[in-house]
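In the two complexes that follow, subunit A is the common piece, with subunit B as its partner first and subunit C second.
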Partner chain A sequence: MPDRPTAHSDNADPRRFRSSPGSAAEAENANPRYFESADDPRIMLEQDIGSDLYEPIPPFPTRTEREGEFYSLADGQMFLNVGPQHPATHGVLRLVLKLSGEQIVDVDPVIGYLHRGVEKICENCDYYHVIDQVDPLEYLSSLFQEWPAVMAFEKIMDVEVPRRAEYIRVLTGELLRISSHTLYMGFMALDLGGLTPILYSFIERDEISEMLASITGARMLFNYFRIGGVNGDLNHEFMSRLGDWMSRAGKQAEAITGLLNENEIFVRRMRPIGRLDRATALRYGVTGANIRASGVPFDVRRAHPYSIYPELDFNIPTREEGDSLARYLMRVDEIKESIRIIDQCLHQMPDGPIMARLPRLLRPRPGRAWAAVEAPRGMLGVYAISDGSDQPFRFRIHDPSFMNLEVVPALLPGNLLADTMAVVSSLDPVMGGVDR
Partner chain B sequence: MDRTLKARLEIRLGTFLHGAVRQRGDETEIRVAPGDVPQVLTILHDSIDLRFEILADLTGVDTGNEMQVVYHLWSPSSPDWLRVVAEGISREDPRAPSATFLWTGAEWLEREAYDMFGIVFEGNRDLRRILMPADYMSFPLRKDFLLADDASRSPGAGVRHSERASRPATLAHDAPGSPGDPAIRRAPAS
Partner chain C sequence: MAVSKNPRGSGGAGPSGRSLAPLAPGELTTPIVVPNSVWRPANPLAYQGAGSAQLENTHLREYGETDAGRVDDARWGKLQVIPTNADYVLELIRSNSLWPLLSGLACCAFEMMSAATSKNDMDRWGMFPFRASPRQSDVLIVAGTLTTKMAGPLIRLWEQMPEPKWCVAMGDCTVSGGRYKRSYAVVQGIDRVMPVDVYVPGCPPRPEGLIYGMLQLGQLVKDRRGHWHDRSIGPTVPDKI
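Let's look at the complex of A and B:
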């Protein structure tokens, strides 16, 4: 098919790739637009970031089978670049869409714009410092980032966490889950063009942020969990705010969901798009509310119980439909279960210490541990290796948003262009966590 | 600690296992050769008494001497996490078979392991960089990739106060990059 336009039929210009590393002077003579990176002399940087940076077609030859397949167009198809700076992408996500008319044929998500190398930084940090390094990754639910990290370190060091600390972890975690899910519901509507629910979401989120700020001192990036416990005990301000909020939380949740669940436009828009069946969800490693909306009752709190969850009474709601609306309704159900858990925590909260006794400088013996928790977006795991020094030898963060975003190329084909952001935001990725 | 899982693994995977099945806390660990990974994962996924149907994580590890690919699996048949370590992958030319034939979701995880460690997963259809820019040329999570401000690891740049007491002085024959180079952190023999 020589007459079909392909991405690189006439592209012989290796603009961003150097085939072999040469001297800087040589490269400058060859192309004055490039200069040597101060970090790594093998890397050449562009003088000015030109407008071609976000061209849909990458300016170098295709490298893999899949990329070659994606970047060749059949008759009547076109590429459309969405993002990375797009108001509805929940961060810095770029999607290259292959369209046929208004129908999506294929998608190539491009991520990494927020990559900060946190795993590398954590491998060069003290064990205590890791906690505030992982905090800002998933910024909407940062306690859940700290949780598997401290759990993995506690496993390596055989630290026993006091029961009161475990209760406080679950209590604050479930509050944050409600906050995160409420915000999801608002953004979900916002991406479909409904402006009102986000305002109600922020009322709830603000209450919870203030509540957590009274014990952690911060509204978003808490740095609250510690290896062996938590940083501060519950105080009077927190308890009075929480009691106040709990008395109307159920009613408030009903009010917010009533805005959308009974909205015919919203329901009919969400119902047919982005259907994810059970087998695909398992194959793609989707977790969290997204896989439970496809009928798989996988929730780490029950599938592999940690902390005090085995002692608590709550359900794992599932839905069979697997479409965007089901994923939305899953969050609504989970908020109700979280309110139940908070209620039980408050009634069963034991007295006692909130920290195990640990030395100032931790040097755990060599060992490995994997710990996972159920974050609002799915299973969040940490694999830590200790080599006996005061820094982790390897610190791996497995983020649920990363896996949930991977399924987008399986969900979008066949849908219309206008549904792109509805489907993506129904999966609830947070790009800070995806890119790490 | 799930003792029955250990027995089931030994029956199903007898010849593939390197060393004993290790169990600690709520984790079970097996070690296999990288070439056996497709067979081992297929047995773990498909056997009626194992059913490890969720790939919880796939990542690379650079121990300083060799590369490893580490899989964490979850099964409804056991209360333990299962860790499969494909060990003994060379650092010079790291290659491992892909797990995408079982879990399509492994594609991005393998892309990330390739991006960070340079491990080439044979059978992955889309093995290009995912987090770093496309024209990046290093593999940042390798142990010989030193941070610019990493004084504790850079040869000759001094050691951190907290490490001064226990870290041995640099020996003359420990040239940078050589196997004895103290700047490259190595995992303990285990």
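Let's look at the complex of A and C:
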């Protein structure tokens, strides 16, 4: 980094307005690294604005063996930097690709562009505030981020949740799962260059958001689950919107999937890329629909049952291929299962209270608890430790997006450059959860 | 609607009365006349009491015979030049065609996309084409939390955008730090690192909120018409951010 004049130095920050426009030549003579802007002669621009900021090769000596291997180029190879601002990286993911011609040789994902220090904030909040703070992590399906948090706290405090509250949790959660999967299908097509499906996805997503807003008050970051229940009961607006939506949900899902499933270009493009075999998936700790697309029928709702899922009738669809298309079709199947679960919830919903009786200030006994739910992206867990005070001593979030993103360096080498985004988006990472 | 054969056409040319043979230079072709069989005026005296016979005379015939319509003198009179400040007109155009940069940082990005898609259609106000390149965009909508690691790339995007450019801070995090006021990793309001024209608070703001903010930005551009040279470029980017 060349030394630039600091903002507070007296000898005129060059990009500040000069008082007299006549002295441009003097300024140029004084410092030849600055030149006059073509837009406005009163502005002086730096000649190399951050040109060294994004050299893919780091300026420091290599720290690990892997880094040294990655940053040494063989004959005919080159680096290509993708991100962190890229329309298809699903947030702020940066990938440094090592290319040989058009073929990817190696990839180095750089994360941390959305690290907000949420775990540390949660350890300085009292138990009720944690629910609000964890919302923006899984921002596409934030109820699934609240769910393990409140479940872990309920385990620590030994609270029993009323059955109606459990039904409402499952109902709203499955609605959000549909919303998230529908968006996934739209973005998948968008990353391959098709603009139409995203327009249909957002119709469904906006409807579900408005539906949930009528009971939670927010469209995205709900802050709805509470320790020992939920914040508000179902109301008339929610039920009428849900009834309207359920009457056409199946048909709409068919319409959206028909745009892609019957598209030969899409199917042939997705079929051979990003093949994740069963052993690799297990070794990397991939969860959710990604591992079920590789033939492992692991679903937290079935493997470690929680809430009222043991009473509900639903299937765990699996696929054997493990490629990008299988991961996409997995989501299509899960949408159908979620619609079934919502239907059962509406028919079996009991009457009763929605909150357990709890004191205003929670000060649980010292202890620790692990709770995990099946989020749209996989197993989302929370490990909470209480030291007896009114704040959690440790609040660890295990996020599925992070584990799923880890597999990218294993999937990409050998593929073509144009397939990078198709593989990454088929794994459906949410960077808020990855960086926390 | 049936196409009638023009009684004044050269006979036997085709169903529309127009000869398919190329015209000799200077020869006037007869217009295709489509009779109005779709609607009738409620008042029979409207349109100068035009019956079906008169309605068959289109303006094309009149256009060929006279000079009417050759000069657009209806609006500007005989004046062919509008004397004005160029910026004054250009900014009017810019304010009605604000092209945002497609750059989402976090949660707010999805509400931004929701504002651009089917239900809340920002396209109606000329704000749709989300450009993926900063070279082609006018507005930087900073949608989502700006962390210290992302601040450098975002400032680089801002510097790559050509003037005149505007910045919209969307969401509480970008306005003031919001719920991350206590975080060690978040820039406490993007106006610490770049100039901001419109703040849209909310966590996240509804799509309607963003659209309202963009409309306010359009109004702001109109209000500053002819004065953007005087606009401050904003605080300089701190060194080594």
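As a convention for this text, the second predicted complex is superposed on the first by the 386 of 436 C-alpha atoms of A that agree within 3 Å, B and C clash if a C-alpha of one lies under 4 Å from a C-alpha of the other, contacts with A are read in each partner's own complex, and residues count from 1 in each chain.
Keep this in mind: a contact is a pair of C-beta atoms (placed from the backbone, for glycine too) under 8 Å apart; a residue touches a chain by one contact, two chains touch by 3 or more.
Values in this document were obtained by computation on a predicted structure and should not be read as measured data.
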| item | value |
| --- | --- |
| Touched partner set for A:His398, first subunit B, second subunit C, both or neither | first |
| First (subunit B), second (subunit C), both or neither touched by A:Arg283 | first |
| Partner chain in contact with A:Met379 - subunit B first, subunit C second, else both or neither | first |
| Touching partner for A:Asn124 - first (subunit B), second (subunit C), both, neither | both |
| Subunit B versus subunit C as contact partner of A:His115, first or second or both or neither | both |
| First (subunit B), second (subunit C), both or neither touched by A:Pro136 | second |
| Which of subunit B and subunit C A:Ala422 touches, first, second, both or neither | neither |
| First (subunit B), second (subunit C), both or neither touched by A:Phe298 | first |
| Doubly contacted subunit A residues - partners subunit C and subunit B | 16-17, 39-40, 43, 112, 115, 117, 120, 124 |
| Complex contacts: residues of subunit A adjacent to subunit C | 1, 4, 6-7, 13, 15-17, 39-40, 43, 49-50, 53-54, 84-87, 91-92, 112-118, 120-121, 124, 132-133, 136, 139-140, 183, 198-200, 202-203, 205-206, 209, 218-221, 431-432 |
| Touch list for subunit B against partner subunit A, complex | 24-27, 29, 53-57, 59, 61-62, 70, 72, 74, 76, 79, 81, 83, 102-109, 112, 116, 125-138, 140-141, 145, 147-148, 150, 152-153, 162-163, 185-188, 190 |
| Subunit A to subunit B touching residues, read off their complex | 16-18, 21, 39-40, 42-44, 58, 60, 63-67, 111-112, 115, 117, 119-120, 123-124, 126, 155, 280, 282-287, 298, 303-304, 361, 366-370, 372, 379, 381, 383, 385, 387-390, 393-394, 396, 398, 402-403, 406-407, 410, 435-436 |
| Subunit C - residues contacting subunit A, complex | 102-107, 109-111, 113-114, 117-120, 132, 144-145, 147, 149-150, 152-154, 156-157, 159, 162-163, 179-180, 182-186, 203-204, 206, 229, 232-233, 235-236, 238-240 |
